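Take this structure, written in structure tokens, and hold onto it; I'll ask about it next.
Order of writing sets the chain letters: A, B, C and D. Residues in each chain are counted from 1.
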Amino acid sequence: MGSTWGNSIRISVFGESHGAGIGVTIDGFPPGVVYDEAFILREMERRAPGRNKQSTARSESDTPRILSGVFDGRTTGTPVCAVIENTNQHSGDYAGLADQPRPGHADYTGMLRYKKCNDPRGGGHFSGRLTAPLVFAGALCKLWLKMQGVLVGSHIQSIAQIQDMPFDDVCVTPAQLEQLRLADYPVQNPRALDAMLAAIEDARLEQDSVGGVIECAAIGVPAGLGSPMMDTVESRLSSILFAVPAVKGVEFGAGFGFAALRGSHANDAFYKDGDVVKTETNNNGGILGGITSGMPLLVRAAIKPTPSISQTQQTLSLSRGTVEQLSIHGRHDPCIVTRAAPVIEAAVAVALADLVREANGYA
Amino acid sequence: MGSTWGNSIRISVFGESHGAGIGVTIDGFPPGVVYDEAFILREMERRAPGRNKQSTARSESDTPRILSGVFDGRTTGTPVCAVIENTNQHSGDYAGLADQPRPGHADYTGMLRYKKCNDPRGGGHFSGRLTAPLVFAGALCKLWLKMQGVLVGSHIQSIAQIQDMPFDDVCVTPAQLEQLRLADYPVQNPRALDAMLAAIEDARLEQDSVGGVIECAAIGVPAGLGSPMMDTVESRLSSILFAVPAVKGVEFGAGFGFAALRGSHANDAFYKDGDVVKTETNNNGGILGGITSGMPLLVRAAIKPTPSISQTQQTLSLSRGTVEQLSIHGRHDPCIVTRAAPVIEAAVAVALADLVREANGYA
Amino acid sequence: MGSTWGNSIRISVFGESHGAGIGVTIDGFPPGVVYDEAFILREMERRAPGRNKQSTARSESDTPRILSGVFDGRTTGTPVCAVIENTNQHSGDYAGLADQPRPGHADYTGMLRYKKCNDPRGGGHFSGRLTAPLVFAGALCKLWLKMQGVLVGSHIQSIAQIQDMPFDDVCVTPAQLEQLRLADYPVQNPRALDAMLAAIEDARLEQDSVGGVIECAAIGVPAGLGSPMMDTVESRLSSILFAVPAVKGVEFGAGFGFAALRGSHANDAFYKDGDVVKTETNNNGGILGGITSGMPLLVRAAIKPTPSISQTQQTLSLSRGTVEQLSIHGRHDPCIVTRAAPVIEAAVAVALADLVREANGYA
Amino acid sequence: MGSTWGNSIRISVFGESHGAGIGVTIDGFPPGVVYDEAFILREMERRAPGRNKQSTARSESDTPRILSGVFDGRTTGTPVCAVIENTNQHSGDYAGLADQPRPGHADYTGMLRYKKCNDPRGGGHFSGRLTAPLVFAGALCKLWLKMQGVLVGSHIQSIAQIQDMPFDDVCVTPAQLEQLRLADYPVQNPRALDAMLAAIEDARLEQDSVGGVIECAAIGVPAGLGSPMMDTVESRLSSILFAVPAVKGVEFGAGFGFAALRGSHANDAFYKDGDVVKTETNNNGGILGGITSGMPLLVRAAIKPTPSISQTQQTLSLSRGTVEQLSIHGRHDPCIVTRAAPVIEAAVAVALADLVREANGYA
């Protein structure tokens, strides 16, 4: 399959980087959600390239056009389809890539998978541009989640090993998430941001790229969502997070850091705060036995350095069978992590909306 | 839902730790696979407790009984059901847990999710014992994958921060995987193993527990499996890996290490080895754009320290609303990582079998 | 795939007619439903052979053993697995069928599908015996549906063209369904029953068999269940009804009879009965636009004559390539319609429980 | 959910009758299929209204615009999205329907299901217009099926009880299906057609409507497709056929006619025609045990009379709670059966393509 995800809310993404248009159909979305266009456009803008000198200057028109599912300013409950037209794409930039697969890209595997019929221009369906419809879907899901008291936000945890201050595992506030949403760069420690931007600029000057980590939090998540064994909250979240191009690692709570902890420190002790059962620490990232505990849900995603770099690289000519030099022209981000936060949030929002809707039914 | 996983091969796990029996139904498994009981029992034994002084001495009868799907020594193509009877369980050990949820366990979230109707004895359906049917399913899938030239194996990458030698990212051999399969402890560096066992013994003496990381490799995986966007190989593998209790992080190839790499080093350059397209490095862990590249598939899973520790812990009495002392009786592993390798392999084997069957169809 | 069905409640059936056992795993079943064993055994008994001289005298032990999912007399919310052991099967009766496929049976297509690896004894996984686990699942779903005010029942609408009195499309009562459940033969008109039994006896004496139609009703179904387009209530119900061996037609409300009606008569006029919106007729069988209307849900399933007849028939020897005479030994029902009512009800109950649970969520 | 269907090929339909546009995304469609626009437009035209005086004169622009999935004239293997813009819709025609639900329509149940948020104009997402994207998807599937040697065609079996000559159950030819595809009205017996048209005209003059039956055949279907129990070919076909608005009955082969047959006549005797195993009769409609036999696949769908009639009808004012007179304005087909053939074929083609792709894998 490939481009469909979800159970009670199902999104189906389509499009190629240089085709006529890209978009998403969202099936099972609840009726009666006010379509807040300003909020959605802001989410799209957070992901859009060209917002700063580090990111690609390629002009994209990312305004989604609603074909269905919204009537009188509210969602209808039947499928929402949004289309983003592709305009001003310079396909010429990408000529020859079908023969010389870019290292670290899907050019080679995509060609195998689709028997050389896939659209190679700009990566086709594999392009990072396909995260735009995901952000649209996530923005819509955020609007509904907000009605349920659930907020999703994130910050850049690291770029090129420069660390931001992590979320407090037991206390993430709405104000904090809102501030990150409105920031040009969602970083909590201004000095870390300066260092990150410098590292990106270094990489750019050396025609190279850098990666990083996004940390995402969801607060207000009802306790008791999800299922044991094969359908844990971690399973669902990771399956959509690994759908985001360039994500190569996902961890919850202490994650890989658990390997350094003993049980006596790793276990989160229960206590009662008024009527609410809480834990004193939250190493489990708000998920116990695959089910939400009501504590902040915390997940981190590792994002690899942009594979498209301006430096000359070595690759294989598939037709000639010889190793050759490859120069990738066009403008490419030396770091996509700065634009990744809304994408990671969107993936988390879609997964949580799917879970909440499953728990709530049609209600 | 909860306990069902897969598309072309679908497994459905059932059972509770102290119920009548546990087991698995495997729907869509290919016909004609010779049922190699010795191999399957060996896989079950690799996971079984009681094999060494570090692991729990609780006696378990893990011999699966085949109810269906095997005829004349071969799989029939119709559902395979295997049942493992539960015997000699001392439920008394677990009394009171319904009121005093164990920190780090699913006692509290399971109670919420199932409205206090879940079987609390030994964790019920959330028990680590439920990985036994998963290992059975994985063993069966390994038998079929072997017919397709695909081998799956793993080693303990770390316990309590003591690191084993990692897999060579471009060269993992069948002999190496076979040696790990036969080892008492699947560790590549004997000195690391000694240190790991010492760390476990230390934890045991202090009534504590330690966690670690399993690194798993699959070799012979055909290039071109999987799909872009929502159904990447990473998505599928992670969704079943996070179904393994205690797994809190999953990464592929360089994974979180990508954050420290620049694109020029992270990108895996293509070359040709005879007729085969390969990459000189394999930071992407055998997966590009969500699709297998033919290079070794490499995945690591972080496993948290056993939450059941003998030390007195603090927890909440749900009925009294007061914080109280909790002493968990019974015998518990101070480290489950030593038994986790076959479970992680099983999850990977099931996911790969599902992918290969999807690619091959009924053939 | 094959043997798994459902979204919010998922059943997975396993077993072969002459294997070690048959059974079903039910994933997603609601917690807290009292396990009424007497009710369930009665449902099993309604389906069981050997209850009267017309049906096969083959002795079957149909008592399900619960392996999981029931604790302290109530369902736990985690998977319910029930196993029915196979005993006293005389496999010898079926020897040779692998070479001489029985006309009207799955012997030939099953062999193709599973590359001659399927268990041919007694039809293996294709056997009508596999409806026993379906009846178990249906009985459990009925217990939960009853708590929601939904009742499912049925009668034999026809056997060998002899018609029973159909359900009144706007008024089916609980008492009526209860009476049918308790009857030896669920037929509303006693004279029709006498004629049906005579027709079956005629067929038996001529070593032949007859088919018929089951009409099933569900009352108390909440209005507003289901979805338009691809997931209509008709879609779901038909997909599980056609899973019942021998069902070859499914119709809702007026069904094929609509072809004889004009719109002015076919349309069901709305009116209000107290606070409840009803329709004066119910030609649409309680479903409008794929969604339940609150009127009685009415569905009919056509069941073909038992293909296993004692008469000598012509078939092909697959090995010799010649047309040969086939005599099917053993005892076979001249009419399975008399046992089909609980099976059809079970299919409807499973589908409705799946729909109601989807609408209600975890609640 | 609602508007998504399929396993290996998944279609997701969106749109409302009077919204901005309708369309479909097809995920998992095989790469390399030549996009034969003329064929596809012809299929769209066969369904389109306004082709003759009996059908509605409402002007529709049904030309699909391809947004993705087609490159260099061939399918890419990644999702195909086609959009049909809605133009010149007169929404005024439908005002007031939200309060006065049309009998036989989804107005009332749709309002319940979507909590009064659904788009009521022209039936919204429930409109018969939504069959246009299904026909597009079916046409694309037909192009691929043809490459596999599979042809799908149909004829009007009956309108208002006037019967066409049915398909010969053991011999349906490509020429016969091609002739039906090209015909203005797919009827095999010209005299039956004359009588049908007269019956429609009668109904129209009386401001009424009539229903009928479509018989669909698929030839060249490989033997051995499908699965027993829960995923039979009948299950899959019926689940998508009941997704077509107005379909209220589905039967395979002899279908409900089986009830009148004895086993000795119903059973289809096997023989060998050259190297091919065939059956002398085909009462089972090409499906045995849920699996294709290689004989022509035969299915019939009952279509209810158009519920929108010009006659004054009785309905309920939901706001006032009183029974009132309803006059439906606008132009409506007195018979949609004449346009239903390509829709039924499309549903069958999508289901068969899904099955063949599952059997073939990526190949």
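By definition in this document, contacts are C-beta pairs under 8 Å (C-beta built on N, C-alpha and C of every residue); 3 or more make two chains touch, one makes a residue touch a chain.
The structure displayed is predicted, hence computed values, not measured ones.
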| item | value |
| --- | --- |
| Chain pair with more C-beta contacts, C-D versus A-D | C-D |
| Chain whose mean Cα position lies farthest from chain B | D |
| Distance from chain D to chain C - Cα centre to Cα centre, in angstrom | 26 |
| Interchain centroid distance [CA atoms averaged], chain B/chain D, Å | 46 |
| Rounded Å distance between chain A and chain D, as computed from the means of their C-alpha atoms | 38 |
| Contacts with two or more other chains, residues of chain D listed in rising order | 1-4, 7-8, 13, 78, 113, 125, 224, 228, 362 |
| Chain D to chain B touching residues, read off their complex | 7-8, 78, 224, 228, 357-363 |
| In the complex, chain D residues that touch chain A | 1-4, 7-8, 10, 12-16, 19-23, 25, 27-28, 31-32, 65-69, 71, 74-81, 83, 113-115, 117-119, 124-125, 362 |
| Residue ranges of chain D in contact with chain C within the complex | 1-5, 7, 11, 13, 101, 103-106, 108-110, 112-113, 125-126, 130, 158-161, 203, 208-213, 223-232, 234-236, 238-243, 245, 247-264, 266-272, 277, 279, 283-285, 287-293, 302-309, 311, 313-316, 318, 321, 323 |
